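Two complexes come next, and they have one chain in common, subunit A, joined by subunit B in the first and subunit C in the second.
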Partner chain A sequence: MLGLDRKDTILLLVVALMALLAPVLLNPFPVNSPLAQFNAGYPDLMQRFAIFGIFAIGFNILFGLTGYLSFGHAAFLGVGSYSAVWMFKLLGYNVIPAIILSIIVAGLFALLIGWISLRRSGIYFSILTLAFAEMSFRLAYSVLTPLTNGETGLQVYTDDPQILLGDGPHVPHLFGMMMRSSTTIHAGPWEFTLPVGYYVCAVLLLASFYLAIRIFRSPFGMMLRAIKSNQTRMNYTGLSPRPYTLAAFVISGMYAGLAGGLMASMDPLAGAERMQWTASGEVVLMTILGGAGTLIGPILGAGFIKYCENIFSKINEGVLHGWFGGLPDGVENALIWVAEHFVGSGWHLTLGLLFMLVVTFLPGGLVEGGQRIGRFAFRRRDRKASDAESDAAKQRNPAE
Partner chain B sequence: MSKLLTRRGVLRTGAVAGAGVALPTIFTAGSASAFVNEPSGSTVTLGFNVPQTGPYADEGADELRAYELAVEHLNGEGDGGMLNTFSSDSLDGTGIMGKKVEYVTGDTQTKSDAARASAKSMIEKDGAIMITGGSSSGVAVAVQGLCQEAGVIFMAGLTHSNDTTGKDKKANGFRHFFNAYMSAAALAPVLKAQYGTDRKAYHLTADYTWGWTQEESIAAATEAMGWETVNKVRTPLAATDFSSYITPILQTDADVLILNHYGGNMVNSLTNAVQFGLRDRMVNGKQFEIVVPLYSRLMARGAGENVKGILGSTNWHWSLQDEGSKAFVKSFGTKYGFPPSQAAHTCYVQTLLYADAVARGGSFNPCSVVEALEGYEFDGLGNGPTLYRAADHQCFKDVLVVRGKENPQSEFDLLEVVEVTPRAQVEYAPDHPMFAGGNLGECNPGA
Partner chain C sequence: MSILEVKDVNKRFGGLQALSHVNLSVAENSVHAIIGPNGAGKSTLLNCLVGKLIPDTGSVMFDGQSVLGRKPYEINQMGIARVFQTPEIFGDLTVIENVLIPCFAKRDGTYRMHAFEQVRRERALVEEAEHMLEDVNMQDKRDMHAASMSRGDKRRLEMAMCLVQQPRLLLLDEPTAGMARADTNNTIDLLKEIKQKRDITMCIIEHDMHVVFSLADRITVLAQGTPLVEDVPENIKGHPKVQEAYLGEAA
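Moving on, here comes the complex of A and B:
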């Protein structure tokens, strides 16, 4: 279907189904149960899953295919966000112009940075992109304050021009459908929230995913893989790799811009922090954690990290006391002392440990883990049965 | 590509995409309650959004302690703290309007984005009816904007920038903490009395909105009493070594250095300035002086010996001897073993003020809370008689001018109060140029 082979079609359909049912799948625990703490099916987090999924898919087009490790992708996300908020300020709250401009501006910005940075490869390329991103962050944080509103972040004020606002809603909307509106379904003790904003993100996630599959399977994608496996040999055959890497860089920059524009559409504020190098590092983690070079890996990695960030970081001492309350005092305090380093403000530690475990034991990322479980369950140990995903995972060079 | 882009393929893609776009229209917003997160059971949830990691984590930890204490007192546990000294008696230790107070916490990381994400999850997932906290003005402004859009009340924590209740003020947001203008208004007379009217000031300013508003406020106030501003130099927020900013001061004839820095910035810049011998310097026959307009005990502790004799202003200090402060210091000290910081104080007071406004207004509806707080006069919460001004939701109260103590008795006894500047002296018109350009808008109850 849609120019895809059977396996890819199934993959696309699975992702579509997951995206459609996410509000249900992510809320497996009844509202009043103690486990409701672990429910992730609320609008903000679901939107983040989809948005960072798009960001990671785009990053994977560059890193997974060409092997060029960019440490500055957050800059494109930030530029996308600022463009979107400026559209809200100047035109009005419809998200369409905002998203379109954020993709275009991020693409142009990526063209500029890529044109300079891609003169080098390997670690030098990474450092160049890192330097550019850090420069963008500093500029946005203080120097360009009239344009970015500095530390506070760019917001929409009531006295902004908004020439196309008319009598539409005063929050981001898609032709009248407000991003923040949602429907809640009560099913027995369960409660499922279906937010409009999330479905807009999900549709764009699917479109991005589809485009990524097409790029992966195209001759262009093959060329990018050739650059990764042996650039020198490619040079000797008379092909210049730079137009291809630059194209991949710009495409992934546009993905990041789309993610940034969506972020601003869900919550009309653009902060400089989303351009910081830690944000760039996060997308690298997402991609590697999920499985670099695989199609679905980056989405899984993005979901995994955002889940840790938003759920573990909110477990505080009071919650821990609730869990271990039944135990004797001494044991309870000891357990809480250990556990509190891994939750709340210590969630980074949990993430770091999990990342170490994944990289050590599952170099192909979560995708490889899924395949191992799959093979174990279905006893399909013959290598022929492994699908395109594992091929891609095997192609990935763990040393990179 | 032409092989792949068949007519059927395009049609099919179009149909699928169309169905995808149409999907969300099936669901429309439907909510029965009168306002967002209307508490329905026997409990009510407050959201405490404080920095648990990053440069202001110390302040955040202290804020969280204060919130826990406030919740205890509201629920009738502990010794009641300031509930006993508060001029309003609508709070009786049975929670808020009979509902037990529960809370959720989040980490702002001192980043606008992270703070908003955390606040959103509190509102969307945990059903928080009010968000409070924060230890930086950028975060306060960002979260205040979010709360206005989402339709919940925001009770700002530590935020000192003029913008929070100036150009970024919002109907759903309230600030108890003082601001840069008030710091300047309180400090200027003391500076005049201590250092005279013929001084040349050199500013080092953290390069972001808070630093700028403070620099503007202090420069305006000192110039009004005859000081001359030699230079204003902006330093990057992430700077840790300020020596390259200190040495140029030695080349000028400036005789006062004003450090518009906060937190770790201030600790480092002050230490550098002392290391370069600025405090022993004589210029134009006068002793060189350093001023830190916004002081906190946690910063003073970080700077150690170097703060001795340095003037600054603060919102509150635990050594105050009024009944409210004494009651708060006692219950905080009993629970945690050390005195509270000014950040802890403002957060504790904000929680009580919110609870009281709900009880007096008789509803959790944000509009009822706004109405109850606007123009509200109260006392017994540590700063003397205080007014929540209706025009900009800023509290007006006495401001403390403090000095680093020469002979501290303990690690908490680092600042001494030089003067309690009366409220009348720090008041300003709501349309003062430094606060102009904002618009409160209408209170938003969400749904």
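Moving on, here comes the complex of A and C:
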């Protein structure tokens, strides 16, 4: 279907189904149950799943295929956000022009940075991209304040031109459908929210994912994997790797721009902190945690990190007291003292530990974990037939 | 007619004179072997031909055009392909994909990019690559991970990748080093077959005299960076200077 083979079609359909049903799947606990805090089916978080999924899919086209590790991809995200907000300021609140401009501007910016950075490879390339992103971040706070509105962040004011505003809504919308509006379904004790903004993001996530599959399976994708594998041979095959790595860099920059444009579309505000190195590092973590070089890995990684971030950072001392309340006072206090370093604002410690564990024991990321579980289950069912299958799975493992 | 002309090439590495006053002329459609003891500068000479190294002085002309100052990929586009002493292949790719890369690459250095095509739908190119694999007897390894193969298979794969480009000059750096006798004989047969089938010039660096004498039309003996003699195989066999160079190594 759609020019994909059977396996890829199934993968695409599974992702499509999960995206469609996310508001239900992510809200498994009734509203009033004590477990409701683990529900993730609210608009803001679901939108972040989809947006960071797009960001990570794009990053994986560069890092997973060519092996070039960019530490500055948040710059493209930030540029995308600024472009989108400028569209809201100048034209109006329809998200279509905003998203288109954010992709184009991020692509051009990526062309410039990639053209310079790709002169080097390995750690020097990473440092160059990091330097450019930090430069963009600092400039956004200083020289470029007319464009970025500095520390306040870029936002829409009532005296902005907005020449196409007409009598449409005064919040981001898609031909009248407001991003922040949603329908709520009550089913007994459960409650499911179906937000417009999320579905816009989800559709674009699917389109991005489909495009990524096509790139992975194309001669271009094969070429990128060959570049990762052996640049010497590439040169002695009469091909200079540069134009192709640059193309991959620009494509992944455009994905980041799309993600940035969507962020601004969900909440018409853009700040420079989106370009900070922590944001660049986050997408690296997502991709590696999920499984670099695999198709589904980046989406899993993005979902996993955003979910954990949300859950862990919501747990505070009060919640911990609730959990350990039954224990003797001394033990309770000791446990809480330990636990509170890992939750709330200390959640990054947990993320660091998780990342270390995954990289050490599952170098292929969550995808490899899934494959191992699958193989284990398979082997128990039918010992004989499993060997050929597991060999194939081993070969499919991403390059480490 | 000579297709490759090397004139008075010198190359120093620090205090070591790796090549001194090397002259070499390779006739079109011939098989020219370069032999010599370890460290004689054979690989260094090849590196100067493909743009990996730039000679300190001298000139290297391929088909009337200088190759000096050109990038390796530009030199390959001129029609020179190279098999390395340690195989350089795309280890993370499957065997067929390895051959497909040069199939998708056109001679002028552009690549049939088609970001939205699918590799398996490019029938003509896939068939071309499959034929090439049959030619080197690797069709049964088609979907293997290239890095997991034996050294001999890797080298045959590398040869296939070079040949599918239809180069005019093929440079081979010790193509049978580390191979078992049977594999070596297969390689000799393969090279002979290739030679019969198409117009190609080969320049082979080799240690194994059996290989050299079964293939070469002319032989150059290199020792300590200087060509000692150049002649047809019959005359090289008993040449006193050659014996000296090789005995010198053994001593």
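Going forward, the second predicted complex is superposed on the first by the 379 of 400 C-alpha atoms of A that agree within 3 Å, B and C clash if a C-alpha of one lies under 4 Å from a C-alpha of the other, contacts with A are read in each partner's own complex, and residues count from 1 in each chain.
Everything below uses one rule, namely that a residue touches a chain if its C-beta (ideal position, glycine included) is under 8 Å from a C-beta of that chain, and two chains touch if they have at least 3 such contacts.
On a predicted model such as this, the values are computed, not experimentally measured, just so you know.
> A:Pro30 contacts which: subunit B (first), subunit C (second), both, neither?
neither
> Quick check for you: in the superposed arrangement, does A:Pro43 touch first (subunit B), second (subunit C), both or neither?
The first partner, subunit B, only.
> Quick check on the superposed pair: does A:Arg225 touch subunit B, subunit C, both, or neither? Answer first, second, both or neither.
second
> With both complexes superposed on chain A, which partner does A:Thr237 reach: first (subunit B), second (subunit C), both or neither?
second
> Where does A:Gly3 make contact in the superposed view: on subunit B (first), on subunit C (second), on both, or on neither?
Both partners.
> Return first, second, both or neither, reflecting whether A:Gly369 touches subunit B, subunit C, both chains, or no partner chain.
After superposition on chain A, A:Gly369 lies in contact with neither partner.
> Which subunit A residues are contacted by subunit C in one complex and by subunit B in the other?
Looking at subunit A, the two contact sets intersect at 3.
> Looking at the complex, which residues from subunit A come into contact with subunit C?
For subunit A paired with subunit C, touching residues are 3, 5, 214-215, 217-223, 225-226, 228-230, 232-240, 244, 247, 395, 399.
> What residues on subunit A touch subunit B, complex-wise?
1-3, 20, 39, 42-45, 48, 138, 141-142, 145, 149-153, 155, 157-159, 171, 174, 177-178, 180-184, 193-194, 196, 199-200, 203, 206-207, 267-269, 271-274, 310, 313-314, 316, 318, 344-345, 348
> Help me check something: in the complex, which residues belonging to subunit B touch subunit A?
Residues of subunit B touching subunit A: 4-5, 9, 12-13, 16-17, 20-21, 23-25, 27-31, 52-53, 57, 103-107, 111-114, 116-118, 120-121, 124-125, 136-138, 141-142, 145-146, 149-150, 163, 168, 207-210, 234, 236-237, 439, 441.
> In the complex formed with subunit A, which residues of subunit C make contact?
50, 71-74, 76-77, 81-82, 88-93, 97-98, 100-102, 104-105, 107, 109, 111-120, 122, 145, 158, 161, 165
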